[in-house]
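Below, subunit A partners subunit B and then partners subunit C, in two separate complexes.
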Partner chain A sequence: MKKLFNYNEADSFVHNLCGVSKLIGFLAMTFTVMLTFDVRVIGVVMVLAVLTFRVSGIKLRDLKVVLYYISFFVTLNFIMTFIFDPGYGVRLYGTEHVLFAITERYTMTEEQLFYQLTKISKYAATIPFGLLFFLTTHPSEFAASMNRIGLHYKVAYTVSLTLRYLPDIYSEYQIISKAQQARGLEMSKKQKLGKRIKEYFKMIFPLIMSSLDRINNISDAMDLRGFAKHNKRTWYHTRKLSRDDIMVIIFTVTIFAGSVAVTIFINHGRFWNPFI
Partner chain B sequence: MFKFNTRTLVATAIGAALFTVLFMYVKIPSPVANTEFHTAYAIGSFFAVVFGPISGFLIAFIGHALSDTFLWGSAWWSWVIASGVAGFLFGLAKKWIDSESGVFGLKEILIFNAVQAVSHLIAWVIVAPLLDILIYSEPVNLVFAQGFVAFISSAIATGVFGTLLLLAYSKTRTKEGSLE
Partner chain C sequence: MKQEPAVGFSDFTFKYFAQSKPTLKNINLTINKGEKILIIGPSGSGKSTLGNCINGLIPHSYKGKIEGSLLVAGKNPSALKISDLSKSIGTVLQDTDGQFVGLSVVEDIVFALENDLVPTPELKRRAAEVAELVGLGSVLKNSPQEVSGGQKQRTSLGGVLVDDVDILLFDEPLANLDPATGKKAMELIDDIHRKSGKTVIIIEHRIEDVLHRDVDRIVLMHEGEIVADMAPHDMIASDLFFRFGIREPLYVTLLKYAGINITPEMNPAYMSSIDIDSHKEEILRWYRAEEIDLPEAKGDETLGVKNLTFAYTSRKILKDINFSIKKGEMLAIVGRNGAGKSTLSKLICGFEKGHSGEILFNGENAGSRSIAERATVVGYVMQNPNHMITEHRIFDEIALGLRLRGIGDEEIAERVEKTMRICGLERFMKWPISALSYGQKKRVTIASILVLEPEILILDEPTAGQDYRHYTEIMEFLKELNRELGITIILITHDMHLMMEYTKRSIVLSEGELIADTDSSDVLTNVDIVEKGSLKETSIYHIARHIGIENPKSLVDRFISHEASLRRDK
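Here is the complex of A and B:
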């Protein structure tokens, strides 16, 4: 858990950017990849992702756990897609080039392979930006930038509080879980299902009760300090946009606009069809 | 029911943190291979009934988006939105269930379970597959099969743990006129 979201202060181009410009950049790249099924556009985003990763100075071996999960998920999705609908690519692209046949239904075509590889490249292109955003943005600045792009400050503050209390809740979960196990709670597969449910409940309920106490403490403290008295608030972590920030915003929004243009004027749809 | 004061805000934030932790770590392996019962939705439904639909929506949405980001590096938006929809719909049960009154009898249990089952049905069999097709252009039969499995397992997990949680919580509240 600690390994998974570790914001460390560092001095790099990406770290020094404002939260807002990173958020806008992240959203622009996400929407670009979400919209298009054109590998050429996705390729551009992927190159950018690799470059940003290099510039940020974050090492790949810090992300071993995440990468392991991702490759498992991608492989599973690849297999499931083929099992459930091996003819999807043919219907999408309108042609059929058979590569090899396992049975009559399970025939691998160039179209199917192309569709599934496009899908994989879509995951591969967005994941680095999501990771980078969380690894290089201070949680409080994240909240401030959400408010700045138009979300109500109460929602932004909720997200910020969630990130603040996540590690606390996690350690409390571990403490309760270990304390209950020391009392002889058996939650593994060895236990019968009915009993196991009871054991799980004995762990979740104390966690909820202590969280409810925590809620009262925090909200009293906030009320006493006059939280939510006004309709607007300022943020300690707001910074002025620098020249780099404005460049990043313009650049990423241009790429998004470019992918919209490719979708409408060149591909006449979300798919690029190399088979015709 | 729809007000969002400081207490609901804090409850939402803590609820979302709990949702994230449970979503990532507390999954009960089921007898069927490769499916798990997510206890996170039970917590989501509990908070939604106590604090209302807006709180329910944000808890499930933020919690699911965060745990996806920590596990996979990027959120699977169609399912995150479906989670939010389920959270919002759970909260509508607050209209009929007064969790602070200390009364949680058979009638409330039935209402809660009807609401949560319908919410899960709408979220996983309608919203999630349609968004999967719209956003990710996944094959139709695959997304509906996945949605159906998610519906069954989440509805069971919420039914069992959500009911138990609300029942136990109502015991900690003082009933009206209990001093007589």
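Here is the complex of A and C:
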């Protein structure tokens, strides 16, 4: 864990975009998909996600671990949705087409399956954009981008500081934990969970103390170099928006607007009902 | 017209609100424009507080009561905002990590300019200029985790130079650097001083290393007061260092051993200026007067390392390391940051796994033992005692390891009390740990390991950041443990004084390879090892060369042997 996100430096259309246009694009796509349960709209975003991934040149096999995690949680979500409320689809769409029945309560209907597949497609459409944003944006650009879309720079800079010091604190934690284990602290699965949690807290104490020292130092260093002097600040890692950036912003915002229009004028609500 | 001074204290007294007594008392000090000043003093003498008054952290970040007056660049820091003050004075702090606030070198350099609303294209231009000046051109894009301690410090220096400040303040610039990097840092500061004519203030207690280059004056502080403000040659020739517990340069100590009276006329402040020629005979006479008497380590092997290789992913951190340590030895492992010293100790203690080759405890392969199992043979003491302490009371802290091992209360009480006696902590029996000084906390952490009765102690930078008195205290204590209890002691260090005074043998690592395993006096006089290990030759080596002693090591050995006999007589 040398760096939090494995930003991969490369030369592609996606990499070369400004952080801020990528952030806007990512947010626009997320809102589009959050808003609607219309698979046609979600389908469009999914196709875009696949295309953008292609263009970025990022290999899926580099993301193997992340993808395993995501598919695990999505599957879990799928099963849990069914267990908690197997009749939701029927109530939602107002018809009932039984596919098969496990018990009386747990009956799978076309409506339920359709609802759950729609939900999965929502994850499938947004997650790639989130990954792309983190993988193709230089961490240094995060703060500048957030500041640019309206967040105060002090808040934005906290994000930057977190990215800066998290690896240091993590390696400090490692060494503190090892030194305690050397004194006989049992942290492996051999130890009871309750006891283990108590031991974790014990180790956090020195970590907090040293982090407080560190914060003191950081704030001194920032004060001494005039942080928070003005209401604004400039950023080294910021770029002028290029033609590509503006196109991306217009394009993604248009798609979002389109999804709003579909919701209001065509579906008269967030759901598209193919059953009537 | 008389020129306005860069810094002027007059009858200045400062008391932190949280403390009952003033930290600075009646300070009168004038630093002229373009001067280069060294401020020295033991820990707690108030030298850092003095620095914080100059850069405005006092009273802006640390509150307290001020009497008397202070002018920095003609203005009163209390009346200005700290950000305005930062236009005329730039501070490089001691903690090279904490003050690196950017995600990369270049972002940290331009941090002050960003806060000052300098447009991005201008930022890039100025960053490139400054990077050139401090020699960071090739690592601009690197993250703080990817640069060395020396480069971090250069980054901080660059970060204040972008603002074109008039005064540069360095708070213990040598504290986190290896000897060679420290030497380069002093050269860089000196070059900038010469070229720019800026006022330079250095706060340090490692005098010999600062005096690698010239300074105009030395200010000595003690218990919040300025006790001396003199030209360097006068200061070195005086008895002030001895009186106030400051370490004098080693070559000065050597001349004193040889019975030479140090006078200001000898220009004794710098190795490059001191007059040795006229005292050559006296030194040689002393050198030949006594036999060198240094005991050899005997006994069986307690720790063996054979063909040890270790890599993170594909990068090799350690390459085919071999050495053997005998019972009762006290030795140093040295080398620059990233040379593999701490990885080596982590592997020995089992904190890191996945090496090839063997680690042997008393001849047995320790490969399969867990961290806790290894701890019964080898104890590891971290650099910062605050990283180890988890209990509130000293007794509990020392007893922790025994309790975790399920030992009975009676035995625990007995063993803890015995250990406290050995460590000179018995009078603190009932004290809370928070009431102890840094050095005492260090003792507590050593005691908490010692109580487990390990055969070997590994200490990571045991004296880092300590002044001479604390340094001596800690090292004499370790020496006692080594001699009285026969515990093998391995010191991971940058400190060459420590190597010379307390360890007979040193192992030098460079880029993951063992490049030397020999007498410490050998290491410090072998130009090749010194360079590869990022060390610095001891000044005694230069004297030996100067007066024509063929084998400089023998003069160093003579020095060590003399010191040992002095200590024995005490």
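Here is the rule we use: the second predicted complex is superposed on the first by the 266 of 276 C-alpha atoms of A that agree within 3 Å, B and C clash if a C-alpha of one lies under 4 Å from a C-alpha of the other, contacts with A are read in each partner's own complex, and residues count from 1 in each chain.
Here is the rule we use: a contact is a pair of C-beta atoms (placed from the backbone, for glycine too) under 8 Å apart; a residue touches a chain by one contact, two chains touch by 3 or more.
Only a predicted model underlies this, so the values are computations on that prediction, with no experimental measurement involved.
Once the complexes are laid over each other on subunit A, subunit B and subunit C both fit without any clash.
Look at A:S219: by the touch rule set out above, it reaches both subunit B and subunit C. Using the contact criterion defined above for the overlaid structures, shared-chain residue A:A228 touches subunit B and also reaches subunit C. In the superposed model, A:M34 makes contact with subunit B only, not with subunit C.
Of the two partner chains placed around the shared chain by superposition, subunit B is the only one that A:Y170 touches, whereas subunit C remains out of contact.
When the shared chain is aligned, subunit B comes close enough to touch A:M80, but subunit C does not. In the superposed model, A:S211 makes contact with subunit B only, not with subunit C. Once both structures are fitted onto chain A, a short way to say it is that subunit B and subunit C open up an angle of 60° at subunit A, using Cα centres and rounding to the nearest 10. Set against each other, subunit B and subunit C differ in how many residues of subunit A they touch, and the higher count belongs to B.
After overlaying the two complexes on the shared chain, residue contacts for A:I149 are found with neither subunit B nor subunit C. Legend: residue contacts after superposition of the two complexes on their common chain; A:K178 is shown touching subunit C, with no touch to subunit B. Look at A:V159: by the touch rule set out above, it reaches subunit B but stays clear of subunit C. This overlay, made by fitting chain A, leaves subunit B and subunit C with a least C-alpha separation of 6 Å.
Where the contact sets of subunit A with subunit B and with subunit C meet, they give residues 160-161, 163-164, 168, 203, 205, 209, 214, 218-219, 222-223, 227-228.
Within the complex formed with subunit A, the residues of subunit C that make contact are 55-57, 60-61, 81-83, 86, 90-91, 93, 95, 97-104, 106-107, 110-120, 123-124, 127, 143-145, 156, 159-160, 163, 346, 349-351, 371-372, 374-375, 379-380, 382, 384, 386-390, 400-401, 404-405, 448-449, 452. Interface residues of subunit A facing subunit C in the complex, by the touch rule stated above, are 2-3, 139-140, 160-161, 163-164, 167-168, 172, 175-176, 178-186, 202-203, 205-206, 209-210, 213-214, 217-230, 232-238. Across the interface of their complex, subunit B is touched by residues 1, 4-5, 30, 34, 37, 63, 66, 69-70, 73, 80-81, 84-85, 88, 92, 119, 122-123, 126-131, 134, 154-155, 157-166, 168-170, 173, 189, 193, 196-197, 200-201, 203-205, 207-209, 211, 214-216, 218-219, 222-223, 227-228, 270 of subunit A. Within the complex, the subunit B residues that touch subunit A are 4-7, 9-18, 20-22, 24-26, 28-29, 31, 39, 42-43, 46, 58, 62-63, 66, 69-75, 77, 135-142, 145, 160-161, 164-165, 168-169, 172.
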